[in-house]
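First chain written, first letter: the chains are A, B, C, D and E, and each begins at residue 1.
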């Protein structure tokens, strides 16, 4: 989602950071804006569009020109996309010009804000969405997209230069874009929808990985710490659910907004979003079940392998220990004759028979055969459990 | 439910497909209709009926004639059944002629839509039901039935040529069909009811399979990977519940519809459906409990088998290891005489007794008897746990 | 609850039957009455009562006379009890005469209907209760009691000739019965109450059985498949809860009925029923907890037994294997003299000492003593874990 | 809580009794009063108080005088405490004189009634509280306190002579008691509060016992059946929760009563009770968690002990079995010379070396050292896991 | 959070104390104030502030002067902070002067009160917050902060001299403090917010500890009783959740207060608090999941180690037991010649071959090689599972 030099420290480190930054926050005035050190400098992108067409330009470092551009053509619709938080004074100017509440701005810049929607003055909306990605380290990496709507503009904030919104920009650029004809609220909807649609590739990646795990569970020489990978994926699925639940609630809240804030026409589209969110949750739930089953399978297989080890030990010991006894028996040194040349006929007469050794070998073979039959009947000689 | 050459890729593959298709969807305009590649070309079936009788015909490839047929006899009731989505322009024409919303049409064509009901203009309804089947691979295969109601018609969409609605068609064809006398809303109800009734064969198949699993758990040489089959069935039961819960909610929502949208007379029938849905869920819940118990039994039995292996090992080792020691003892080479012909009487005098060997054998027998008695008292000699 | 030749196929088979019958039902017109093959022929019992007294008679095969009897004395109250469903035309006549809805009649005749209450025309009620019994095969056997109330009658349907309502009949027959003075709605209440009261013997049987299981868990030679019995009882308790929950909900719904349908005076009594239902559920919940604990105990005990097996093996092996090594050592054939008569003094000089053997025995005894001390300190020599 | 000769049969036996008595109840007219055989004869205690002071007397056997005493001074407040149910006719007279409903009286005399509150005529209240005690047999013993309020009296019923209300009586008797100045509803509140306060000693006893269990889990020679004690305490905690939940709900219901039934002034006090009930539940919840953790620890420790047993076996076997092989090797009887005096130099030349035996001993020592090093590196030689 | 000589006895001891003190409470008049013995003597701190500046002074022991100070400048805003409860008469005077309810005061002094908010006369608020700390003994140590708001003052009570509010005091002292310009209700909010912010360092400590546990689980020689530490942390996380849930509910209740009690302007800030509380709960939930996974991993690893022990035993036993048999075989004393000089050629002819011993060694090597191959194929020779 972002080149390493720019990206937010992700996942576990992420949450560690959250804890840290919150901890530093203690006792600060609420609404105090702070930016994490090392945040990339903001880049400003403006797309100005109407039914006729769409002009886009980067105004990075030229914020005043940007304001001027918007002021001169108030009849057009604007999407102002701010990427990177590394310039606090600039952000404060934006906050002032677009009349944003410091607490909202704090939510924008903070390390972690659940998906939510807030209505503020003049029926303007503040929405937070979270964009997700399933990383190589089996974690959910999520970035925040903050959306403010105004009468003729949508203002978005992201911490990264990279995002998943390019598809939407292309739709705006397209020669006969429906999107350009719709009211500005539709653009906010479209942003929410694109983020939601992006949950599916995340799910797809998780789903594929689960299938991979399923395949590797019964492999003879299975990888070490397979269980920790299983549990790591479980953690990610659980985290994903926690990200999507507020998303669903956010959309439900949008659907309950009065019609003057959110026109019925747009709500129809959000209803569709709602269905998608429910489906994503459904999928996440069934992934969670699958992973629990996987862990059960793993543990049962572990126990199975132990069983097999024990069976090998038991079979070999059970066969050879009695044999060893028998041969030990005939290794005893009971004397045939006392010191005076008298034969003691009771002492191990077997040793003095011409057929003694062959008979003994036959006896041993019999013992082995008997045991093998017993184990075969128990089903221990087949390698499965 | 469908011959293999036509059927949707089912179950796991299904869901993989869902993820894929959703993933491709990213950033598309909502309401954009797409059809999965390889969908069968649509076949159009029209049943026109009134109290007197029922005419049916296939209009595949003759959509205009079909429209004409409906237009010429507006006093009759119609069931137009579209099977197969392989012709997008045709579907768009139907959408236009019957005044369907693109988002609804997207739900029809999409890969997975939970059961739901939506009211749209003129109190017309859009309903989604899911038809289920328990496959040989122990998965739930489900197909979607999309139903639109109009003043004098019901319009259904399915992706497959095969379906479970033949019983209903026969009732329409029947000489003195009650169904033909009822309002058109009753036909929509009847479709929902047939789908719901079809859950029972699915449940029956699952139930039978669970009983089969129950029987095979204590079998001596039980099949390999029994647990993965148990967990697979659990997955299916859980999936089934997830399919039926929205169905129940859908019907509950229908029952809450105002009387002008859904007449009280028809609601009485839906109330019956509601009971059936609850019972299907009840059954599914008890299946889930049963399967959990099965898994517990499996694991306990696994541990039991280990116990038995260990007991055999313990009994044989415990008996023969001491014996081996004793016979080893008398295999030692302590000398009776020093190099100078003096007898050393303390060195293993037992070896020089005439009754030494028989006495030893008796001792060994005694040891064995003692141990057997000990194990018998512990209950280890009986094969059960 | 019923002699075997008449009873419904019970429990597991029952549910199998449910699945079957539902499966056959597919596509049938809702409200189509079908009776399972082999249902006993209906017997008709009529109790006519008023404050003065109670007349009862069996009208089996004389349905017209029964109707006549009711018609001629409309000022009395009637309890018409239909037992057995084996005559569909008769049932249809009753349905018609008493003005019952086909869907309700379908619920009466169906294989399984959860407890419920429905109000239909003229404030008449349709109630379903389920009578339970804990069978020898550790399952819950339940029969359905369907109750219709009318202005001066209560109409009940049961599939069996046997039932648990005799106590109520005796109260009606009693010389100074309060019951006869109450309105007819009170009779319906009394029927519900008797069925609810019957849950306690069922619970008592389950409770006794659980105590029996508790006693048998630590027995040395415990029965085979104890766990499957434990899980079977759990299944029954869970099933019982599923039967009683709808019963509770039914009564709660009765309590919410408007006063013209259910007079406040009778509601007071239902409130009492509600308490009983809650208590039955409470008891069932605590049984479920107990059984879960039982299963845990079982598994821990299983593991304990394994531990004991292992300890025996370990103690015996640990003691004798070193001993065997020592005696094996002195069974080696290192030569004291080379072929030329020279003594090789380093080769096993122990064997040539006059005190060699006793010293060795002492050494062995010392080893044994040391190990026993070690095991005793570990607490392995006591038989408990 | 009560001397053994008088107390209700407690806990498990209690519930068995409940099942029994309910079972006998089947078909009885609701509101039929029955008293368990062997109930102690009722003792009647009357406390008459007003702002000036408090007179108390026992009227056992003099019920008419008691009524007279109340009638003659209607301006005072009364607490009539009936202990013991062994005289049904007397109880029926009380029921009549104080105008109690038979169903309520049935709840008083029944074996088990959850905490509840009911409003009956003239805004009078019927409340049930349950007094708990943690017994030596690790069970929750609970007795019922039934409270009726009237315009100038509170009427309480208990089955036992002993109770936990003495503290309250002392407050009434106190020289400058606030309690005597408050309205009669406050006395009912104070009763509820005392019972609730009594939950804490119960919890304290359970908590202490859990700590004791925690200490005994890692003890080397731990008691037999520790797990069954753990599970028994769990049962009690679960039972306690089940007793307190209705208590909380009861108080919540009291708080929702209209002000004319329960004055706002008294509600303030009940709000405090509510907090206490919540805290008791909180404590119970955390006890339940603790006990679950205890059970997990127990099982893990069990498995740990097995591990240790196995390690001892493995170390000893692994060391001595190879040694035994080596010494067995040199115990073989391969002949150095054939029958004709020819030396066969390949047959066990080691046995004929002057340094053979010392070299072998050195080899054995090396093997042992190698194995010990291996086990030490694996960490098996330290006794912990 | 507090030096040991002053702090409340914490955590487990804490709860034990709660049980004790509650137990002693039994039957006391509600609203009776008691202070635990050994509570530190109260210190009184007053901060008087307005837009211009902030004066602060300690009035310990000079309560009358404090009251005078407040009375003389009623236009200023005051924060009176009472730390330590060791002087009951003083507390009762404060209660009287500030018109607090005895039950509220009891909540202040009691050992444990969940976070809550209560509105009392004149729209004044009583709020309880709990300040947390994660101690070295892996427990959650929590102290209570009780807040009363008045028209121009905020009154706080704490049991300790130390607290986490210094950051807030510094904000008040700051030269151009926003805080001083806001209404007094904002100060109460700020106190709540600081406490909430303090949850994050607690979470951070727990989170770090969990990561430490994660690292130590697969270490070869892992610490003894790792599982009890894991479960102890789980207990703390569960306890933390229990502390924060009421906090969240408290804030939700504040948000529902009517605007005259809590102005909309301040609610905006509480809404921010609400988000933080939700996030803290979210984090706690995911910690709980992580710890459960840790416990699973621990148990699986335990089982894994057992597996490894067993494999070593099996490999060594399986290799050497057969070898021992073979060498035992050739240690038998079957005689080559009978007593009369006749050769018995069947008796162990192998012993008389010139190549006997080398052939046997070759045979043994072959056996070993075969077994090693078998074990290698099974994957038992690699050290992972």
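A few comments on the model shown:
What we mean here is this: a residue touches a chain if its C-beta (ideal position, glycine included) is under 8 Å from a C-beta of that chain, and two chains touch if they have at least 3 such contacts.
Everything numeric in this text was worked out from a predicted model, so none of it was measured.
Bringing chain C onto chain E by least-squares fit of CA atoms involves turning it by 145°, to the nearest 5.
Averaged C-alpha coordinates put the centre of chain A at 26 Å from the centre of chain B.
Touching two or more other chains at once are residues 303, 306, 310, 313, 317, 321, 324, 328, 331-333, 348 of chain B. Touching chains close into a ring; read starting at chain B and passing to chain C, it gives B, C, D, E, A. On chain C, the positions that touch chain B within their shared complex are 12, 15-16, 18-20, 22-23, 25-31, 101, 103, 106-107, 112-114, 116, 220-225, 227-228, 231, 234-235, 238-239, 242, 295, 298-299, 302-303, 305-306, 308-310, 312-313, 316-317, 320-321, 323-324, 327-328, 330-333, 336, 343, 348, 350-358, 360.
Only residues 164, 166-168, 170-171, 178-179, 190, 193-194, 197-198, 200-201, 203-204, 207-208, 211, 218, 268-269, 271-272, 275, 278-279, 282-283, 285-286, 289-290, 293, 296-297, 300, 303-304, 306-307, 310-311, 313-314, 317-318, 321-322, 324-325, 328-329, 331-335, 338-339, 344, 346-348, 378-380, 382, 384-385 of chain D touch chain E when the two sit together in their complex.
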